[in-house]
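Right, I'll just put the structure down here and ask away after.
Going in written order, the chains are labelled A, B, C, D, E and F, and every chain counts its residues from 1.
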Amino acid sequence: MASFWEYANPLKFMRTTDWLLPIVTWAAVIVTTVGLVWGFFFTSDDFRQGSTVKIIFLHVPSAMMAINIWVMMLVASLVWLIRRHHVSALAAKAAAPIGLTMTLIGLITGAVWGQPMWGTWWAWDPRLTSFLILFLFYLGYIALWAAIDDPDTGADLTAVLCLVGSVFAVLSRYAAIFWNQGLHQGASLSLAPGTRMDWAYKAPLYTCMVGFGLVFVALLLAGTRTEIRARRMKALVTRERMA
Amino acid sequence: MGLRVTDLSCARGGLPLLEGVSFSLEAGQALVLRGPNGCGKTTLLRTVAGLQPALAGQVDLPPEAIAYAAHADGIKSTLSVAENLAFWAAIYGTSSFEEALDRMNLRALAGRAAQNLSAGQKRRLGLARLLVTGRPLWVLDEPTVSLDTASVALFGDVVRRHLQAGGMALIATHIDLGLPEAEILDLASYKARLPEIGAGTFDEAFL
Amino acid sequence: MGLRVTDLSCARGGLPLLEGVSFSLEAGQALVLRGPNGCGKTTLLRTVAGLQPALAGQVDLPPEAIAYAAHADGIKSTLSVAENLAFWAAIYGTSSFEEALDRMNLRALAGRAAQNLSAGQKRRLGLARLLVTGRPLWVLDEPTVSLDTASVALFGDVVRRHLQAGGMALIATHIDLGLPEAEILDLASYKARLPEIGAGTFDEAFL
Amino acid sequence: MISLLTRDLRLALRAGGGFGLGLAFYLILAVLVPLGVGPAPATLALIAPGILWVGALLACLLSLDRIFALDFEDGSLDLLATAPVPLEAVVSIKALAHWLTTGLPLVLISPVMGLLLFLPSEAYLWLILSLTLGTPALSVIGTFGAALTVGLKRGGLLLSLLVLPLYIPTLIFGAEVVSRGAQGLSVSTPLALLAGITAGAVALLPFASALVLRINLR
Amino acid sequence: MISLLTRDLRLALRAGGGFGLGLAFYLILAVLVPLGVGPAPATLALIAPGILWVGALLACLLSLDRIFALDFEDGSLDLLATAPVPLEAVVSIKALAHWLTTGLPLVLISPVMGLLLFLPSEAYLWLILSLTLGTPALSVIGTFGAALTVGLKRGGLLLSLLVLPLYIPTLIFGAEVVSRGAQGLSVSTPLALLAGITAGAVALLPFASALVLRINLR
Amino acid sequence: MMPDLGSYALEVSLAYVASLGLIGLLALWYWLRGRVVRRQLEEIETRRGEANG
């Protein structure tokens, strides 16, 4: 069997994604559309939250993806540091803006939801706070990539930042919980304390989660392809200059 | 103990510059590197000094035996000349910097803050640091920039005494150092040739 | 229009270094300043360029006619070679930097960020700036530092053409520029002597 | 002159140029203060106008040393001083570039900051207005401070020390506008004073800065 | 090693070395906040613990770029990397020097700051204790950030952006100690966590910093 | 067809518009940048191909 690491070869990666990308893209569009249309048009209002419950179909998937993308970047960074496969470093680079956008969506939908539910746009609740800190980590990570000219140095430095940052992100999470017991929902998919969520909500919610995951994968593949091309272009340009 | 560089390739900014550079230095020898601007002298010296990894080939003297002096001299402008030298002497664990002061003709400036030195005086201070390292191989990047004729001669003497005491020197320069005994290596002939690759096929190194 | 320096004294760090320096330059002439390290060449050039006031004496060319090039080249490392030159061309109101690129052999490097140049390439860019100033008097402080032999010759040609076009050049250097037609002024003989003052009598200038 | 402005803006946008980082600092401050002070909305709303102005001021302050220090180190400042442009104009352009890359983004992001600190909704208009009026003064005054400390290695914090006292009037009137606005009181007096400070600083300080710069270069 | 420490301290004490400026910044912040927020003692006492910790953090942050930038520019860092001292030790000594010139003075002056902001009298002890325990972590984390950005021209604000999120746990626990102390509650948990963060950071981060520094030098 | 969103119409539609807008912008940006980079790379490679004969 071919080793998994073969896909870390840029050329092999490009060949594979050539046919994979359109499939994933279409899957992402279809699943997300289905999930969101289902959620938006075909669910009834919650008896306490009214129509705002429909925000859940955006909020929860984006918040989850924001966290998952960071984890994916962590793994990719480790792969780069240990096995030095360029594609994984470039994939981490391409993932960061998607993670940032997901974080932003989570923040915005949460804020818009908070206004009717808690009577405020924003609260210094631990989950919200650590989410905001995650936003800052994404910003810092992207800014560091942007600031460094040499691609390998950039990959090394951002990878170390991602590792150290992850440790501190976890620490911040616990610090924030310690600091303030908040308003936000617990981790069980429950709308109000005690009530379990109905399948009428769960089914479209799961669809949306899968959809957002696919959206991420599609964007990630496209972004990584671009980064690989940009990397090669940079190498060629330097090479041309030398000749 | 000597320096043996075999088949060294080095890169700058992700791009191979030199390839297949081999030479060796025995105790008491000096080698002068020459080559046009931008051919990779600085890059080669940094690789030998262990500051950047080689693309291929090896340098079989450990970095612990090498004293490197670049364009920037590592001089703290608010410390005096003597304080600057004393610091490096302490870092290298050699006790005395007095002799270095005398040999680089810095005695009269010893108490002066480094920021008040002229370009050439600063350079002399940077070179005096070499004397306190106590290391056998000196790796020097254009050491005589800004020096007047008398100081170049002084520096030539210092290098000669270092060689006589069993030291080695690897020097990149564009001008004549007054070291006729040194061998000369022209780097122009080691220019790296990139492997030719057709469009659309790229591997790990993207080239 | 020429430069006439009469009886100039200049000081550095509050201490007079040179005194009674007089010389003149007519259109088409070049003057090379020589002198040991620390004798005050840089100080004299900064005074002539109007960057620091003279202690005594005068320089009768307005600073508006002078292009000064010091050790630091005023290069922005994140801008490309062409962008750097274009900026200075715009500041001096001269339209084209294309010719400067060609004449300093920078055409191949035009799109490269200045931080990725080698020491000598950076220096060439610094000197190319002189060509876009369009000013008659070039005041140069050790212009050929780090340049290889070919680039020194190139630079010599550029200066010669500037002189032929009626320009002037005042150059401090320790090495040979390949400009045999230039006069040479040794600054060692103009070393300032401090006025003798008995203990306890100090005047305005505390000397 | 235009070329100087575009060069400065371009440098700011390039890697390591510092654009957007003033912004980031401002955002981060808005995160830190609640973390330090505690999450109670009432407390935060009370101190929001002051903190928002203090934050804008600090974000400006931190980017001041870019104004001249880089140009000084690589010799560009010597060359600009001997170039055919008046140093007063150079100084003004540098202040303008600083405002465009620091002050303006601060103004634009300030509503988000207000949200994070529970600023009362009546105050948003006044926050934006007072920052728009006040930040140019911060840039011009800061340029003066940067010119004063240009020769000093990493004069960064000395710079802060010199500039902060000069920032105080702007801060007082600016914060006053916002907190009066939050309470629904009349803001015309502090607003007029703020505008006065800015107009005065913009008109006069470039001359002082150019003078000081010339002294520092010799 | 000792010689590196004494050199760094001596450099900090010389002209332009930056000693005392962190302090000055801290003091100025204590002046600005009442100006921005308004003079009511009750409000100030309420926010004092948070503001004092945020101020200490910012004062630390502002002096971070001195840790390596000067040594990088003049080539000393290249030379230190080839000198017979492990880079991990160099990094730790640099962090220690930073703490001695920034963190320690902050601890010592903090009671005065408490006075200016009407900190309740029970909280003074905890303020000093928490700063003593927490500022070493700030220095070590900051050294990591400085090592990350060492090659970048004026990475100052990028540095802030990278380091501030890493400072957050320290800030939260530190401020919590003081505010609990001010209310007479038990402080042992946050104090222990604060000490834990410091111990972990001091023990592990120098390796990351040395790694990153080596990458930046090549 | 539009469901009745009740008194929270503004909030809910705002959330949907903002989220989809952001994702759309991101996708657009990735797509545009991908296209630009691909073009540039192609151009360079053809240039190289010509240079190599």
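In the analysis below, a residue touches a chain if its C-beta (ideal position, glycine included) is under 8 Å from a C-beta of that chain, and two chains touch if they have at least 3 such contacts.
No experiment lies behind these values; they were computed from the predicted model shown.
Traced through touching neighbours, the fewest hops from subunit A to subunit D number 1. When the CA atoms of subunit B are superposed on those of subunit C, the rotation angle is 180 degrees to the nearest 5. Put simply, the C-alpha centre of subunit A and that of subunit F have 16 angstrom between them.
With centres set at the average Cα position, the gap from subunit C to subunit F is 53 Å.
The distance from the centre of subunit D to the centre of subunit E, each centre being the mean of the chain's C-alpha atoms, comes to 24 Å.
Residue numbers of subunit A whose C-beta contacts span two or more other chains: 133, 136, 139, 143, 147-149, 179, 232, 236. In subunit C, 71, 77-78, 116 are the positions where the chain touches two or more neighbouring chains simultaneously. Annotation for subunit E: residues 15-16, 152-153, 155, 158, 161, 164-165, 168, 172, 218 touch two or more other chains.
Put simply, subunit F touches subunit A in their complex at residues 1, 3-9, 11-12, 14-16, 18-20, 22-23, 26-27, 29-31, 33-34, 37-38, 40-41, 44-45, 48. The touching residues of subunit E, when paired with subunit D in their complex, are 15-16, 18, 21-22, 24-25, 28-29, 32-33, 35-38, 43, 46-47, 49-51, 53-54, 57-58, 62-63, 65-66, 69-70, 152-158, 160-161, 164-165, 168, 171-172, 175, 179. If you check the complex, the residues on subunit B that touch subunit E are 49-53, 63-64, 66-68, 70-79, 83, 86-88, 90-93, 129. Residue ranges of subunit E in contact with subunit A, taken from their complex: 144, 148-149, 151-152, 155, 158, 161-162, 164-166, 168-169, 172-173, 176, 189-190, 193, 197, 205, 208, 211-212, 215-216, 218. By the touch criterion given at the top, residues 13, 35-38, 42, 71, 116-121, 123-124, 142, 145-151, 174-175 of subunit B touch subunit C in their complex.
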